[in-house]
Amino acid sequence: KEQTAAPDAVGTKRLVVGFSQIGAESAWRTAETESIRSEAAARGVDLKFSDAQQKQENQIRALRTFISQKVDAIILAPVVETGWEPVLREAKRASIPVVLVDRGVDVEDDSLYTTLIASDFVEEGRMAGRWLAERLGGAGRIVELQGTPGSAPAIDRKRGFEEAIAEFPGMTIVRSQSGDFTRAKGKEVMEAFLKAERQKIDAVYAHNDDMALGAIQAIEEAGLKPGTDVILVSIDGVRAAFEAMVEGKLNCTVECNPLLGPAAFDAVMRALAGETLPKWIKVEDRVFDQSVAAEVIGTRQY
Amino acid sequence: MVDALPLLEARGLVKVYPGVRALDGADFTLRAGEVHALMGENGAGKSTLIKALTGALAPDAGEVRLGGRVIRPRSPVEAQRLGISTVYQEVNLAPNLSLAENLLLGRQPRRLGLIDRRAVRRRAEAIMAGLGVRADVGRPLGSLPIAVQQMAAIGRALDLDARVLVLDEPTSSLDAEETARLFGAVRSLAARGMGVVFITHFIGQVYEVCARVTVMRGGRVVAVRDAGGLPRLELVALMLGVSMEEARAIERAHARAGSSAEVALRARGLRRGRVGPIDLDLRRGGALGLAGLLGSGRTETARMIAGADRHESGRVEIDGRSVPTSPPRRAIAAGVALCPEDRKAEAIVPGLSVRENIALAVQARQGWWRPIGRRAQRNLAERFVRSLRIATPGVEKPAGELSGGNQQKVVLARWLAAEPRVLLLDEPTRGIDVGAKAEIERLVGDLCARGVAVLFISSEVEEVGRVCDRVLVLRDGRAAGELSGEGVTVAAVMRLIAGEGERA
Amino acid sequence: MVQRPGRFRFLRALRDLRVHGLLSPQDVPLAATVGVLLALFAACAIAFPGFLSPGVARNLLVGNAALGLVCIGMTFVIISGGIDLSVGAAIGFSSILIASLVQQGWHPMPAFGLALTVGAAGGATMGTLIHRFALPPFLVTLAGMFLYRGGALMVSERSITIRHPLHRTLAEWGSGPVPPAVVMFVVAAGAGFVVARWTRFGRDVYALGGGEESARLMGVRVAGVKVRVYAISGLCAALAGVAMTLATGAGNATAGHLAELDAIAAVVIGGTPLSGGAGSMVGTVAGVLIFGLIQEAMPRAGVTNSWWFRIAVGGLLLGFVLLQRGLEGRRGQ
Amino acid sequence: MRDSARAAVRAIGRAAPAAAAVGLLLAFNAAFTPGFFDLAVADGRLAGSLVDVVNRGAVVALLALGMALVIATGGVDLSVGAVMAIAGATAATLVAQHGASPWAAIAGALAVGAAAGAFNGALVAGAGVQPIVATLVLMVAGRGAAQLLTGGQIVTFNDPVLNFIDGGFVAGVPMPVLIAAGALALGLALTRGTALGLFVEATGDNERAARLAGVRVRAVKAAAYVLCGVAASVAGLLAASDIRAADANNAGLYLELDAILAAVLGGTALRGGRFSLVGAVLGALFIQGLTTTLYLHDVSPNATLAVKAGAVLAVCLAVSERVRAWVGRK
């Protein structure tokens, strides 16, 4: 802890960037944090870090601390979409550019932030829905494992998926429960679904890979074959999901790339250089299914 | 006293607890201007009657009239508003608040709607001074000696201009002097027409202040008499439900121990705070009495010996060897047990059963791995329930639900069961009825006969005189003199306490 | 924790005060808390350049106003010998309620009013259940927590930005010299301080915490006091919800996540024992600031991953409570 | 004998809320959940919703057992969730990353749990820190430590022994059920077969009196925290074994509240004193049974909380003597 206090920012030319992270609730987020951290190290940036433990108050507090420390730029992964106007305005007044990662904010004046680098959660849901509709031939009984109630990805991925399957009257979501984005809950909820539906489940849509991986175990323990008896599609594209696809247990995952470090620091540099950036630098996410899993798995970094 | 008009009247009060009919159709009449004693053995239902009269609990049946009108107070506040002011048996005050606040809670003087803290202090000081107690009214009540707490409870009740004053064992921890002051106050209140209900186990006090006596047994009233026409022996017989001969035997059953020369415990130069240095010897088979005024340091001395408080200097020797006493477990291991003065805060474990409370110290000494079987515990407990006549429907009753005196007996039983070699008893007969008191005094004699060394603290000098073969008198935390053998007389002890005697 | 000699000197000075009777035993926990706060502040000022600035002090107040508001109510509850687990969820509920009402065209003021009424009424209901049926406060307020959180999600699971000129103005003041949330906190803390110390109700709360049966026999109207204590706590939580909407310009059903835990911890650190009967508003404010200081210090500490961040927060907390215990000295035994 | 009957009634009375809760839940399911009570034996294994409830409830049951003891001493342990995470992470990393034998991993996890309990115990009993704050330290830092062990990743393992902890069956009965039952039996033996139970209750009820009676109150408290830590580490092993991975980020998250709830429903007073281990387990079964029932009836996640609130309140009211007295008077 001795390397704490930064040498006087005036003396050295080192760039100081504050990063307010939501927390460390999943491997996905850990990958995101790590990506930003290592990119900062690679570029010789002095990174100030704050973990908000899922609380917006803590994030706002951290932003204010960054502002009072006069950092050069701020990277923010907002825990919710609303409620950022006041503090972003303070950042703007202090002429500190703010780069948002992985989730947007709901502000009227979009000059309050520099840019957003993120995937489109709704689109991810749509992609999963479209893929599943195709796979099931437009009809099937689906159970949904939702993310944490009230969280933006859970809301958006649900909406996108519902939009996509709305075109197929034969596709129905017969059960939908929260699995809190975790393996353990995913497994537990799936277990209950299998009991309740007497195993008449054609497909599982999970808002993230972890819940799908938990569901796979539940399906196996119920004596069914995941990937064959029950089709599974999920979102994120973590390495474990690819492994499951190679084993034939998961059918498809929609990528949601957490490796935003390079893009984020590119944006920071460009903003500091005075460039104007597009408001949304969309991270292009792809759909991976079993057919490509084996060849792609070697290239996955998270 | 001629005023025969009933001021407070109860008819057919019934209160049933699981396994006990605490009140079983009790009638009670209090006249204006009289001091009325309510007597009965432990668990007779006195406190329950008081609680039913004063709104602290709702009786299952029966009615209460005040000045002829039926009242049904649902809380002590309501009763207070009706003019009934009560000191309940256990010191039922807030130990966390200051003495001053306890005296004035709910009627603090205010200025501009806010409590005038300075006036609170001043008024509280006046109340305590009126009772003749010197105490820092700013200190948390719980940190003050029990006697001061008891005076505070009285002070709180006296402050009201009530029509009825109820005192449930107000004198159990008081010295002669405080008691006398309290009686002075009570008499003057009665003279002004207030009716006073007075519960005590000190029979002498009954004759001192009370005009009439109501005797309860088993939840019923068995007699209502003028104090003047009721001989002491008959009162005891009525209370205990025994014949006059048996009562006479009980009254006389005072054994005084005779000690050997062998010193079981030797304390030298014990000092803590403003108490000490104190030297004392406890002899095998002897009972040493500690006498003194409130705050003279008796409790502190006992606590230091037993390790309840760590002494700052000095040493405790047992059989000639210096032993560590703190934590108390060490003292217990060395055979020294303390039955503390503050039953509620330091002795009774209210949620545990009578059986567990009695077995606790024995079990603690045996350690975790050698549990005493349930049956053995029960036998142990039942033995003491019988010998100390603990009124309880069974040994599985939570100790907190017993009457005050019976709780005291349970605590005592805990320490008797532990069979220590040195037993320190701090006010062991507090709130205990005559029958049991005699029993306890006799027990101390038995213990001594079996070679136990006893330190006996009591505010009742007569009792110290009856029980002990030697008496050490403390004054201001120092030894003021010691009496022994035939020299132990009430008068001599009193003289020493008052500071007239020489070191004998 | 690095122990600086200065702290030890402070410790000794405090002990001396006590020995010489200048500090009565009841005040020791409070003094220890304030001592820890000062020590912590000093340590931060030495370790982090630029820490001693008005900006930091302001951040400290702004960032902790909502938590502080909750803590004021919680202090009363804990002193009375109870506990209120519903406050975090109550924040979320009032915050989303206000936002959705304004979204539906309400003026913010009546929306605030309704939220505060709901908060107080909710608290009073819980207090009534606790007293009337002798239920454990833990269970009743836990049920309250579930209800509020579920209710908030049913109002709207998506967070809502509040778009109303008045609210906007108030929210903007949040970045100005007199942030409304801080004003609310300071006023509430002052009121709480006065109520706890100088009113009969306040003293009744202490008496209740010292022992319910005794308090009843002393003539405390236990039912009324309990109901009011929980109502105050609910009201404070709703106020915190209002403060939250002002700080963010939005309502969010998940706001106040785990705030009950932070509030209880801050109050307890502030010298109010969970067993009730003691404690003070000043201590609570100090406890809140200690909590805030930890959050304020962490982003400066140069930790760059989440787990070390957590370990450091826990370590700091440990350091403070141990320091506090050291200052208090062994009490009781 | 009438006396001992009364003692028995009292003991059951303490667990009454939890027992009533479980009863109500079973009654509800008997009426409204078809097939809830179906028990099947597939490949020599017991299966059915009821089995699931007990199976899944084992984790909270274990936590509640330890929690009941700690609460009985007058404390509380907020760190159990974090300790679960550490224990799981320890076992998983030992096996998956250091190639240790599963037995070593299990021993390591238990040791870590005991150490965590000892740390809490030292703070509470030794330094005299208030339990809620003392254990908050480990609640916050402990999860960080677990994440440090796993690097924030989900560390998967595939080891027959570790898998067996949660996934195995003995004589057709799932292991978690056996482990929870074993823990309950051990707990009962430890508290009722030795004097520990008496000491715990005396300490929690009146600490000063217990101390003066010669009870080693500090040791008793410390022991309660250590036992609680060990129970939490077993729960952590179960949770890890369940998903065959250590998820340091989420394992045991927010379970401390469930554990306290289970203990309190089970008749352990938060102020300390009397406790009931059977009640704690019943409380845990109630919580899990409720969750499972809500899943089976597909109650929307947002309404779930409201239903839970109603259930907790209903249970409290159902067993409150005051309510009965009050209803009787009307």
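For reference, chains read A, B, C and D in written order, and residue numbers begin at 1 within each chain.
Just so we're on the same page, contacts are C-beta pairs under 8 Å (C-beta built on N, C-alpha and C of every residue); 3 or more make two chains touch, one makes a residue touch a chain.
Bear in mind the structure is a predicted one, so any value in this text is a computation, not a measurement.
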Next item on the list: Quickly list, by label, the chains bordering both subunit A and subunit C.
Entry: D
Check: Does A-D or C-D have the larger number of C-beta pairs in contact?
Finding: C-D
Next item on the list: Could you give the separation in Å between the centres of subunit A and subunit D, each centre being the mean of its C-alpha atoms?
Entry: 33
Note to self: Please tell me the distance, in whole Å, between the geometric centres of subunit A and subunit B computed from their C-alpha atoms.
What the structure shows: 70
Next item on the list: Report the inter-chain centroid distance for subunit C and subunit D in whole angstrom, where each centroid is the mean of the CA atoms.
Entry: 29
Next item on the list: Averaging only over C-alpha atoms, locate the centres of subunit B and subunit D and give their separation in whole Å.
Entry: 44
Note to self: Show the residues in subunit A shared as contacts by 2 or more other chains, in ascending order.
What the structure shows: 24, 30, 33-34, 149
Next item on the list: Note the residues in subunit D that touch 2 or more other chains, in rising order.
Entry: 147, 152, 211, 301-302, 304
Item checked: Multi-partner residues of subunit C (at least 2 other chains) -> 153, 157, 305-307, 309-310, 312, 333
Item checked: Every chain pair meeting the contact rule -> A-C, A-D, B-C, B-D, C-D
Next item on the list: Using the touch rule from the top, collect the residues of subunit D that touch subunit C in their complex.
Entry: 74, 78, 123, 127-134, 136-148, 152, 211, 257, 260-261, 264-265, 269-271, 301-310, 312-313, 316-317, 320-323, 326
Next item on the list: Flag every residue of subunit C that touches subunit A in the complex, lowest number first.
Entry: 47-50, 53, 55-56, 59, 62-63, 66-67, 153, 157-161, 163, 171-172, 174-175, 244, 247-255, 257-258, 292, 295-296, 298-307, 309-310, 312
Notebook entry, point to check: Considering the complex alone, what residue numbers of subunit A touch subunit C?
Noted result: 1, 3-6, 8, 18, 21, 23-24, 30, 33-34, 37, 40, 47-51, 53-58, 60-62, 64-66, 68-69, 80-87, 89-90, 93, 106-108, 149-151, 155
Margin query: Which stretch or stretches of subunit A touch subunit D in the complex?
Written below: 24-27, 29-30, 33-34, 146, 149, 175-178, 180-185, 187-189, 191-193, 195-196, 210, 213-214, 217, 221, 223, 240
Notebook entry, point to check: Which positions of subunit C touch subunit B when the two form their complex?
Noted result: 24-26, 194, 197-200, 203-204, 206-207, 209-211, 213-221, 277-278, 333
